[in-house]
């Protein structure tokens, strides 16, 4: 094989960019491994004098129950989001009715509201629903504000699932629910992966709703606790960064494990309208 | 076990009228083939019957039941799709069993019926596979099997062979014909391939732009097309059309069509006498143009001149792409012909197989007879 | 509106399975109806009220709040900032995403590793991104001192602390030309680029370009290889193939990405909060932050609501044509 | 629709609890939610010390819920608090700065209960200085219990740097600029500033205004008595502008504590910051720090105070009232303040519990003229402060004193204090 | 203007050998058609030539130039893809002009050549449209036009007709033949449809599993297939194969195949004598099985018995699906036949058209002659 300079150049560019993309993570990691005294802005690139996981331990100790809260909220919220989006997408592609495009438009438009502007009515509404101040309140909030994006993704995804399958099942005697349960749902995995990743990440990373809806530290999600690690007083950057890494870990794991399916799901039509 | 009746059925999609005032009775146990060019509304016709689209106006009956508002699942029909629409996440067995399960058939019976159908279609060995692991032909059989196990009142087929290669298509065609004989059920079959229509149908319905153009047996459509469209659509390669004029009277009519000057025999002259001095369109099938050296004995020929443009060897026959006057004409002759590209040659038209149409209405004004040997007894 | 006909059509539908379909979507519609449209309505209502303390006051004052808003110097800066940020951010993400995708599309060994590396920042929250980049772009640390590690001089960029705004000066050649053309008002910092914003763009691009890359990658993979092969046989070089075939065919992807990025940038908040806040002289201030502070710091609820209505209107101008276009296009297919 | 309009309703659940008025010594139970933005360090420790005192002072089984929201110098906390109050879900008690942040925001809007009977009962009217009582009161009634006092007008300097350059800590603006020039010539940043949070530059301006206009002139700014367009204000703002010429160039990227790092490391010589900086020095084990009142403000105490109040529909009202007793008690304040790094709002705390700086502050507190801090919500209502803060932020970048002055004047006008 | 030479060309994709040691010389101005079943490597063969895939081993020459390492853009070839691969975002004009522009042809000349080609293909009126606004046939012409304007050394076609309907296919076939005559350039054409191969090729190359099975004129392949695969692949419907045994000696050989007992005439006996007592596979084309009532004069028949399973009317002929003994056999007979499904009938095999193969090697052991009338002079 002849060596092609153009290929070498391509790899070089890719590697340089990879390094640039990893730079922030390097800083997070290195700072997290330092002691408080070592943390100085002008020494941020230096490796820690010795490996110490104290900051991680400390961060973890102050975050662990909140991480559990996050999971308790994110998992049901993501699952429900997926189901709701999937059902909406199913109806909007396979059971179209007069005005279904308008309905889709109305649902989708919700994606674009600035969330800071709805906090006050949100709290009142959640109170009326008796879920304010609980993780379920957060679940409800995230599921509802997730409807636009999940519906969009599933609608685009289902547009590429042959309608003949649904028709064949209709003729075979299945009802609207039967078709969903036995035909459409089992074929939805790539769509679910995309939606799950998307929702998991954005719900997990949300701070605004979390801090607004839950005030009891015992039930607050990790993002709020992480934020509280930086008081108005001294910021222990090493612990802060360690905490940031710990908090980001679940989403990173999700991306690394499911990244392949994410791309595949996107290729299968999710998000390409 | 069911007649199907379309009564003034119309279906519109927005501005498009996909089916236009269709009235059609399909007898029990018939093998009706709907043909027509792409977009003519064939699929819509059977999708209306299946309950996959709501009617705009009109009525549809299955047996004696008006089914206009019946959901698909209650119509007791089965359908084979062009794409087969096999459930990709289910095994072949589950694909075939799905319809029975949905109807709550007992497990034992489901199993029995699936196995039976699989046996009949010789796909028992595939029952555990997924559709993705099957070849095109195997998928086609599974789709067929899925329809058969249901034992429905009516079978619908939407171009089920168009994804198969030529060889498999020939074979499956014959199998479908046998299946129909065995099941003794009404088949309604959509295709745009007139060969399929000719070979399998007990009756063919020709559709164009949502309108029904002619319904009849394959022989009727081949020999006695109602209009230019049917004439051109049935038969392959397609009929040649040449504009011309009729002159003369009673026993001695003459047909002038481009470079052709054809004296008609008495029998045909009589038939065409009313149209003397009219413009007409003459239709002649490629197989009715013969090389004089290999003229079959039964044929009454009439000589014409033409230049050979291209020749195509087909093994047991040869296509001659001819130019006669300004008209392009295709002839399908004995392969031993000595005609070569570029030559001017003499050819014989089968004078008893000249079709004549009105150029304005496009309707046939003089039909030919179906050769006696081909008139099958009604219930062959 | 022909409500009668619609209603009857719906009634007829109600007899069929379509009723079940509609029933399935009604909960979502209701939820969105309350949580989106109800709340927007509430905001709109507040935006024309006099509510100016923590005690609600729904006295109608017309469009006064909007007038105040557009006269407010900070809001004017914010509009400029948002435009600058949106343009830079969208362009940067699209460019970088496309470049990376087109490189990765060339049968790269280790593609999935690269892809994961480029994509993972999306998993990080904007808040963490902000904190890290605040460090990385700190004038006395981070990227600026990176050259010293190899013995070079430290860089002197101010990054997000640089208060300067690059704009056309009235006394410059271009400025005079603008004046001559009657566009003199453009020669003004209000139509300039705040340099500090570039740092925020860098951080945001770091976070989102991987996602754009994946979208482009999926888009590239969806272009039939035959089209590119046809172009190669037709004599096109790889660059020409990219330029004349791939890029035009990726237009729908570009548009989708632009919408996703565009609406994100109009709503950007977390990143700015944790990275540079309002920045020097509001150089990195954005409407969402302004609204947040106006509402919850200043207790100017009506003004806050007015800002959110303006933001929503801006997003709508961007999005509604797109949605209309894509739904129309779909209907055509 | 997002139904407003019901915000004034008082939920029924608090009616019975409210009947108690002053505390009945029955055993307390249930949850008590204390809302603050004290999440880390000394302030969190101080808060915890108060919590620890609670069970002894208030017998029962009350479970304290420590609802904290950090970030943005209390901005996040304020958002959450506002949302909750408007949503009729007040915490038991919440941290709020004394002054307009309390009165204009919550008291005039009728969200708070007056505490006059509690103050009388506890005898607090005599242990808190009059200046403080005035600031926490509205129409003659106190509405919150101050727990500490911070001073905003302190100039902190690195003693070693000053010594090495033969300088004296400046007390006037002239001294300040002379010293600054000397330091600048040596390549040392004269004044460290970290105004990533806008309050730092606002606070700097406030000390300049105070130093230039004097206590009365300064107080007049908030009542309309001092004309914002006057030449004296112009001078003051020009001084402020001149001062900004001596700050570190990356000030807008730093927080106040990061600015302090510059002083600690000797890269900068001075910083003007509230006395919470002293706790930062202690935590960073920096002992070489000196302090004087910021230029021109000797004898003036620019004060801010964290206080706790009683929301009208607070759940578990009895427990809250008892919490307020703890907060106002001598024991409580003595436990809290040494940890937090502030002095007691009460005048009777034991000085020996406090370190040298705090002791000096306690002295000043007793004799100085007390003025309310602008940047921390004591002097003006929040809407006004937001406008001031916006004007200052813009000024720090564009250095246009004229614009600043007119914007400040406008802010006063739109707060309907000036005409 | 170019010969094309494949010299021991092999192409592997991982474990799959798509092309296996192919050596093939294609003369200048030839119309070579590559046929073979799906997946046999046809596309790969021309993609290697186009430079779209790198070779694994071997050499390819265009003209005298070794092109192994030449990028596609420098090979001066044009290719028409099955999907046409029209650039969807460009007008027809731009599609056709693209190749010229990439080569920096001056604007004027580009315009002139595109217009010329468009005229020749009768698509001038479409030049402003986008591909999406064209019908299948129009797209096909544009793809053709895009190739033509380039005036390349070699034209490559990858199943260009497979997306057209039957009628258009017939028509376009003839046009391609004429185009080849007009352009006088080398055409290499891939198809899996043997009809296309038979009708257009000057020579046909039959591929299977990456291996070249036979190269020759259409007549050679039809009448004298080298092996069972070629025999079954060329001709439609496909040749019937029946296993049998040869017995007898010299002048008097007998062929026993299932239910058939065929006494061979002297000429064929002599030819087959060396294989007496061997197992063989007998091949007979459907068109070589005749209804005795309509036996053409030239045919030397030999009677067999069979049961009719299904009949298919094709208009001018009829397919009989027969069962003879245990073998299924298809016959293509005169449509006037009286044979009906279910009957036992007598049929005549054309004894001069029996193909005989070795069952193990599958190679032909006795080829028949090409009928004299079909032996065209080499440069017809």
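Every chain is named by a letter (A, B, C, D and E) in the order it is written, and numbering of its residues begins at 1.
Here is the rule we go by: a residue touches a chain if its C-beta (ideal position, glycine included) is under 8 Å from a C-beta of that chain, and two chains touch if they have at least 3 such contacts.
Keep in mind that this is a model prediction, so the values were computed, not measured.
Enquirer: Starting from the defined contact criterion, work out which chains touch subunit A and subunit D both, please.
Expert: Neighbours common to subunit A and subunit D are C.
Enquirer: In contact with subunit B and with subunit C at once: which chains are those? Just list them.
Expert: The shared contacts of subunit B and subunit C, listed by label, come to A, E.
Enquirer: For this structure, I'd like the pair of chains sharing the most C-beta contacts.
Expert: Result: the chain pair A-C has the most contacts.
Enquirer: Based only on mean CA positions, could you tell me how far subunit B sits from subunit D in angstrom?
Expert: One centre to the other, that is 91 Å.
Enquirer: Taking each chain's centre as the mean position of its Cα atoms, how many Å separate subunit A from subunit C?
Expert: 18
Enquirer: Find the geometric centre of each of subunit A and subunit B from their Cα atoms only, then give the gap between the two centres in Å, rounded to an integer.
Expert: Distance between chain centres: 56 Å.
Enquirer: Which integer distance in Å separates the CA centroid of subunit B from that of subunit E?
Expert: So the centroids are 26 Å from each other.
Enquirer: For subunit A, give me the residues that contact two or more of the other chains.
Expert: 41, 118, 120-121, 125, 175, 227
Enquirer: Which residue numbers or ranges of subunit E touch two or more of the other chains?
Expert: If we look for residues of subunit E contacting two or more partner chains, we find none.
Enquirer: What are the residues of subunit D that contact at least two other chains?
Expert: If we look for residues of subunit D contacting two or more partner chains, we find 2-4, 79, 82-83, 86.
Enquirer: Write out the stretch or stretches of subunit E touching subunit B in their complex.
Expert: 37-38, 165-167, 170, 173-174, 177-178, 192-193, 195, 198-200, 218-219, 222, 234-238, 285, 287, 309-310, 312-316, 319, 321, 330, 332, 335-338, 340-341, 371, 373-374, 376, 380
Enquirer: What residues of subunit D sit close enough to touch subunit A in their complex?
Expert: So the residues of subunit D in touch with subunit A come to 2-4, 33, 35, 37-44, 65-71, 73-74, 76, 79-80, 82-84, 86-89, 91, 255, 257-258, 276, 279-280, 283-284.
Enquirer: Show me the residue ranges of subunit C that touch subunit E in the complex, using the header's touch definition.
Expert: For this pair, the touching residues of subunit C are 224, 226-227, 229-237, 240, 244-245, 248-249, 251.
Enquirer: Inside the complex, what are the residues of subunit D that reach subunit C?
Expert: 1-5, 7-8, 72, 75, 78-79, 82-83, 85-86, 104-106, 108-111, 196-198, 249-253, 381-383, 385-387, 390, 393-398, 407
Enquirer: Per the contact definition, I'd like the list of subunit A residues that touch subunit D in the complex.
Expert: Per the touch definition, subunit A meets subunit D at residues 41, 118-121, 123-125, 127, 132-133, 211-212, 215-218, 224, 227-236.
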